[in-house]
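For reference, the structure is listed below as structure tokens.
Chain lettering (A, B and C) follows the sequence in which the chains are written, and residue indices restart at 1 in each chain.
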Amino acid sequence: MRPSRVVEAVLFASQTPLSAAELARAGEDLDEDAVEAAVAELRAEYEREGRAFGVFEVAGGWQILTRPEFAPVLERFDSVPANPRLSAPALETLAIVAYRQPVGRAEIEEIRGVGSGGVLKTLQERELVEVVGRGEGLGRPLLYGTTRRFLEHFGFRSTEDLPRPEELPVVLSRRNEDGRQDGAQAG
Amino acid sequence: MRPSRVVEAVLFASQTPLSAAELARAGEDLDEDAVEAAVAELRAEYEREGRAFGVFEVAGGWQILTRPEFAPVLERFDSVPANPRLSAPALETLAIVAYRQPVGRAEIEEIRGVGSGGVLKTLQERELVEVVGRGEGLGRPLLYGTTRRFLEHFGFRSTEDLPRPEELPVVLSRRNEDGRQDGAQAG
Amino acid sequence: MLQALPAAPQEQPDLYQVDLERFQGPLDLLLHLIRNQDVDIFDIPIARITQQFLAAIERVDRLELERAGEFLEMAAILVRIKAQMLFPRRTEDGEEEDPRAELVRRLLEYEHFREAAGHLEAAERERARRWTRGWVEVRPAPPLADAPLETGWDEVWDAVLRLAARDAEPPPGYRFGGRPVRMDEKMELVLAALQESRRVEFAALVSPWGTRMHAVVSLLACLELAKRSQVRVRQAAPFAPLWVYRRRAEEG
């Protein structure tokens, strides 16, 4: 195995930058000079091939990092993703939160029959849903409700304005006024 | 910027596999076909240059990983933590979920002959298994299935990579040469 | 590590000295006893295997309670099969029923999945020899809240209706006069009443309204809840008072 490839493997997989002395442990025939040479070789290759990454000196060691000129690419990659439409799971979860608020994650998952942590997070990041309190009981679960932005976006003045026609499903028609699992009061 | 370098930058900056659709977000003029071509180009280049890493197809996407032959070197470094391995009960439970999904806890326990609630919970926490629905019948039991993370953990491209059930020899005679832990030994 | 098997295992009492901790459960232990002795799984010498199984779990008390129960349950199955072997039964079409059949099916099924687990382990081992990049630049994700949102209320409403479609039985709205008597409301009322006390007399559920329609819908609600295993309905004798009982959550 070429020393430069051994060094490349270690630099790639290491969680921290590594110094020449540390990298020399990668092979019996490696010493600090050999490591220096290997790093120089990698640098020259990456440069020549126009790779998106390079070997950089960080905190007294080396690390393979994406070149700064690719920052806009990553930025674009990070920012384009958001689909302007909510996914079916997000819509379903939003509907449950809207009609049953304040409602805990367990209850949402109970109704949907699937794990809903991720989709709740998306809705929170979208600022359509927020934590509005904590429930009673084991672990005092977080309770979710809709936000002001939710009202603005869908054009409601308050959650009281949400349409409640007869075809509203049972699971949604029951409201938790007090945030407990079941509004339990026999008249 | 060459499309292959744009794709390289994004692949390099991600710890999880990215699909063609995801990678296409990195450049304005990229579509899935262009991404395919870019990945093929990178693969060929890494191969030709004898890079310590390659582009591997995992979980419906691509991921840059070190090549297996560097494992002995990497194992020597503290800053390169060992990839986690699952316990025997976890693997057994996961096998049942993978082949029988969607499957409920009762069925898993019936097959294994032991309680499996704890193992299932661990697998859920590690995001290898998730609730995918509810069964019919009493109490509408939760049904489990495998996740994208499951494919990543085992380096599968898709669930198609699991050996087909009919390829698994239902062993009808004694077999004992597979390195399984052997419980019985005197002393 | 693989052990070569003793040539004549059945004569080696040491074979029974298995470390139960190393087995995942009774099926694992049983398979071990069968596969390590060159026994035909379709013709298990049940007396011998039972004896060995019992010997192996002799010190089962050292296991935690749940695991111990699992081994003891299998022991009971084995002992029962052993007894049934002495008195073969015939099925309706006159064929002799093998009391071991169900056990064999379970063992093969379990072995099948263990095999699959072995494949997973091999894949995992292979994957563990490759590493992702150890450190990845932390990139602050642009806030999702700034991204455009084109979803309209009609889409949310469609989701609401999908939830409705999933409701097991959409509650029929029984109209009485101008005001509907809804089964879901009645069901809720029954459940609410049962939060207060363990049981409630059916008449008490109806009396506040006292109309036939309320009575009918309340009864339907109770029956529906019983069907969903959320309550129990009891009547000691025909025309005796009808009582509705709470079911504990874990019951159903």
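Here are some notes:
The rule we apply is simple: a contact is a pair of C-beta atoms (placed from the backbone, for glycine too) under 8 Å apart; a residue touches a chain by one contact, two chains touch by 3 or more.
Just so it is clear, the structure is predicted and the values come from calculations on it, not from any experiment.
If you compare A-C with B-C, the chain pair joined by more contacting C-beta pairs is B-C.
The greatest centre-to-centre distance from chain A, using averaged C-alpha positions, is reached by C. Think of the whole protein's Cα atoms as having one middle point; the chain whose own Cα middle lies nearest to it is B. Chain centres here are Cα means. That of chain A falls 20 Å from that of chain B. If you average the Cα atoms of chain A and of chain C, the two centres end up 33 Å apart.
The distance from the centre of chain B to the centre of chain C, each centre being the mean of the chain's C-alpha atoms, comes to 27 Å.
Counting partners per residue, chain B has 12-13, 66-67, 74, 79-80 as the residues that reach two or more other chains.
Residue positions 131-134, 137, 139 of chain C are each in touch with at least two other chains.
Listing the residues of chain B that touch chain C in their complex gives 12-16, 56, 63-68, 71, 74, 79-80, 82-83, 85-86, 88-89, 91-92, 94-96, 98-99, 111-115, 138-139, 153-156, 161-163, 165, 168-172, 174-187. Within the complex formed with chain A, the chain C residues making contact are 131-135, 137, 139, 141-145, 147-153, 155-164, 166-167, 170-171, 173, 180, 184, 187-189, 191-193, 195-196, 208. Interface residues of chain A facing chain B in the complex, by the touch rule stated above, are 1-2, 5-6, 8-10, 12-16, 18, 22, 25-27, 45, 49-53, 66-67, 70, 73-74, 76-77, 80-81, 109, 113-115.
Chain C contributes residues 1-3, 5, 12, 14-15, 17-20, 22-29, 32, 35-36, 38-39, 41-42, 66-67, 70, 74, 106, 108-121, 123-134, 136-137, 139, 229, 252 to its touches with chain B in the complex.
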